């Protein structure tokens, strides 16, 4: 059994590491500068530390600052239920719901980042994020629950164990794709970056500088990294694989998911939220429900052992 | 050099740049953007995100005042530099970079201004106080006393498209925004993110006598417009590709002309062929309402039509006769009425707006 | 603390939440604020049910079901409250309970 | 079993979280700003979720946090829509009958507290299950299925009636008086080809 502080430290390190990997991959895809761009996230972080925090006219400072600090904390908390090896820092009987709840709490945080500074673009970004959040919450929930359904448990370690014969992605492709898409939506990244879009001068990020910008940006990439690790655990069999030890396999799968996510996400333009939201309600919700139905029938037929 | 100094220099080695181009400096802006792309210096989206503010050309009095206000919101460390068109561009950027590190080494107690965002820059500094985002009281009904707080007027209410009478905010966009024609100011009311009562005006722009003379092929101009649209539409990788193609098109390498043409055509067909972009922008700014004269450059009348048009020109296709294509501001403001903020930004980015040829004193737009 | 004292303390907290919520629901003028008061009352109910489950009958799921029902009640209350607010506002430009009572005039 | 059911740190956590919950519950009606009131309410809910977590009701705790956060975030939008002065830039009071309401609230609290402290609570019956989430799930799908059926129908009815109450447009507005329009006439078209 790990000591508590070791475990916390490991989760924080794993979260930051995965976030850094994601940020580096993202920067390479974005700038096309090759491997040299890999250090850019570190450079940006240092630059943010050098920068002054700024304020705006009549902001709600308490809520604003709290929300900025909450984003990375929530991302790390969602990392706490991601299985590393065959254990998690926090093994509850409802890990999957925990992961989802942290993303829901992110709503409140991002909304407040948009609201706090009392500025037009920022507020519009907050509105966009809420609309996006409402639309993608249900598909995400159904996607996560589908994995739980296949395993017959909400515990992530049970979900990984249930895939010893067959990876869930084979029978749950829709849930897998929706999970990754929703993760991008909750981190307002890639095609779902409308809340921080260039058309609203950076939206929720438009008034952030210095440490606060660093916190929010770090939270976003940590969430994306944690989601990639979670996707590997929930749908790609976690650490299972031949020859190599489990954690190595898990890391490889996580890196693969990261690469695919970045590669696809940076190939697309931002989807305008008013259109994407209709797609989420009218297509993704029924699609994920059907997916859950199919998996439920497979469970009844005994397909998952 | 001590370690901290070295780290500081490294950290600021890729400063985020806010380019402010006084009208008429397009060609020079292209060179600057190419140089920034070469150095991988990212473009800033807002003052909060800015390290370096580079001012191109000679801004007129009103634009200069707006720049001053914007500059007051940039957090330390920061550096602002006027870039001269006839100077050595890389040398000037190197100098700016050094000056930025110097600024970081000095610890100045200057606080950035407590203004809200650059979206709030009105044509006159007095207007800034009128804009006020979310904190909206209902002046129009119940026992509320109206008035203003912290110099900010409370919001008013007005009928909206859902039949609810909700708050409206007075907003002003411009004159400096990413992907926005510098010097253009949009004033209007906003409910949620829907703009009404839109009025457009140019601030005085440039003092430069060579103002408005852009020596470039229509193809390169179209590629520039495409880069702007893609930036606003949120497709940074394609925007960078368009900027690269623009550089090659405006360069003088006759021996590589065929290659340049192929590259330009590739960028154009990538944008044209993007289903995601088409799905996102189709129907925005549609002129179904019969506002646009026939024969306008925008075949389908919407942003996607505009994108296709610019792609055709940028790919070197036959230059579509653009009879009367630069739209007047009045025409544009009618088109923007009732559109969402994002849609308005896309429509403006797609339009080839007519700039006043000489200095114009804008009358007060009645905010 | 003995178990009984702990239970009583937790229930007292629940009672305080109910009291504060009642005060809010009765005193506030804005419909949204009234709803917040009601939510606090239900919050107290949830806490009480959870404590009762843990300290009294952990072998039965009934108290857990009560928490679930409390959550559902809150969701329904929210949804219907906002729907009613929009309907009233659409008709009368009113979002305050005092003014809504004029409706039967 | 000579030990108490809750360990000492857990008791401390429960008491502190309870105090936070009540304190932020009071703050809801004290702060000027609607934004702060909404998020004070959220803090109150999250504190209760923390207590439920300490009481080993993990699923309920997490679901409470999830649902209440979403509710509060949506409430924030409504508050901006409908509230005067949501940021509290101008301090103002919007209460009626404050004294009477306070009296009612206080009397309710005192009555409940007296009841709580004078009752001789029975001792714990039975043992908690190994997996509380499973206990709840089996109840929902088994012995208490009827409750969940009613709740499900109730929620469905809420979705329908809420939408009908809130919307200002019916199908005649969208498809024309004779319902013959092939494409609905909406203020914003949305992303599906319809």
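General observations
Which chain is which? They are A, B, C and D, in the order written, and residues in each are numbered from 1.
Just so it is clear, contacts are C-beta pairs under 8 Å (C-beta built on N, C-alpha and C of every residue); 3 or more make two chains touch, one makes a residue touch a chain.
Please read all numbers here as calculations on a predicted model, not as lab measurements.
When chain centres are taken as C-alpha averages, the shortest distance to the whole-protein C-alpha average belongs to A. In terms of the distance between Cα centroids, chain C is separated most widely from B. As a whole-number value, the distance joining the C-alpha centres of chain A and chain C reads 32 Å. With each centre defined as the average position of its C-alpha atoms, the distance from chain A to chain D rounds to 25 Å. Spacing of chain B relative to chain C, judged by their CA centroids, is 48 angstrom. In chain D, the residues that touch at least two other chains are 63, 74, 87, 89, 132, 168, 188, 191. Counting partners per residue, chain B has 134-135, 142, 149-150, 152, 163-164, 279, 340 as the residues that reach two or more other chains. Within chain C, contacts with two or more other chains are made by residues 86, 89-90, 96.
Taken together, the chain B residues at the contact with chain A in this complex read 7-8, 10-15, 40, 45-46, 48-49, 51, 73, 75-77, 104, 111-112, 114-120, 131-135, 149-152, 169, 171, 177-179, 190, 192-193, 230-238, 240, 274, 276-277, 279-281, 340-342, 345-346.
Residues 33, 35-36, 39, 42, 58-59, 62-63, 65-66, 69-70, 72-74, 76-77, 87, 89, 131-134, 188, 190-192 of chain D are the ones touching chain A in the complex. Listed in rising order, the residues of chain D touching chain C in the complex are 4-6, 11, 14-15, 18-19, 21-22, 25-26, 28-29, 34, 37-38, 41, 44-45, 48, 51-52, 55-57, 60, 63-64, 67-68, 71, 74-75, 78-79, 82-83, 94-98, 100-102, 104-106, 108-109, 112-113, 116-117, 121-129, 132, 135-136, 138-140, 143-144, 147, 151, 154-155, 158-159, 161-163, 165-166, 168. Residues 1-4, 6-24, 26-33, 35-37, 39-40, 43, 46-47, 50-51, 53-62, 64-65, 67-69, 71-72, 74-76, 78-80, 82-87, 89-90, 95-96, 98 of chain C touch chain D in their complex.
Contact residues on chain A toward chain D in their complex (touch as defined above): 58, 60, 62-63, 92-94, 97-98, 100-101, 104-105, 107-108, 111-112, 115, 118, 127, 130, 133-134, 137, 154, 272, 274-279, 282-283.
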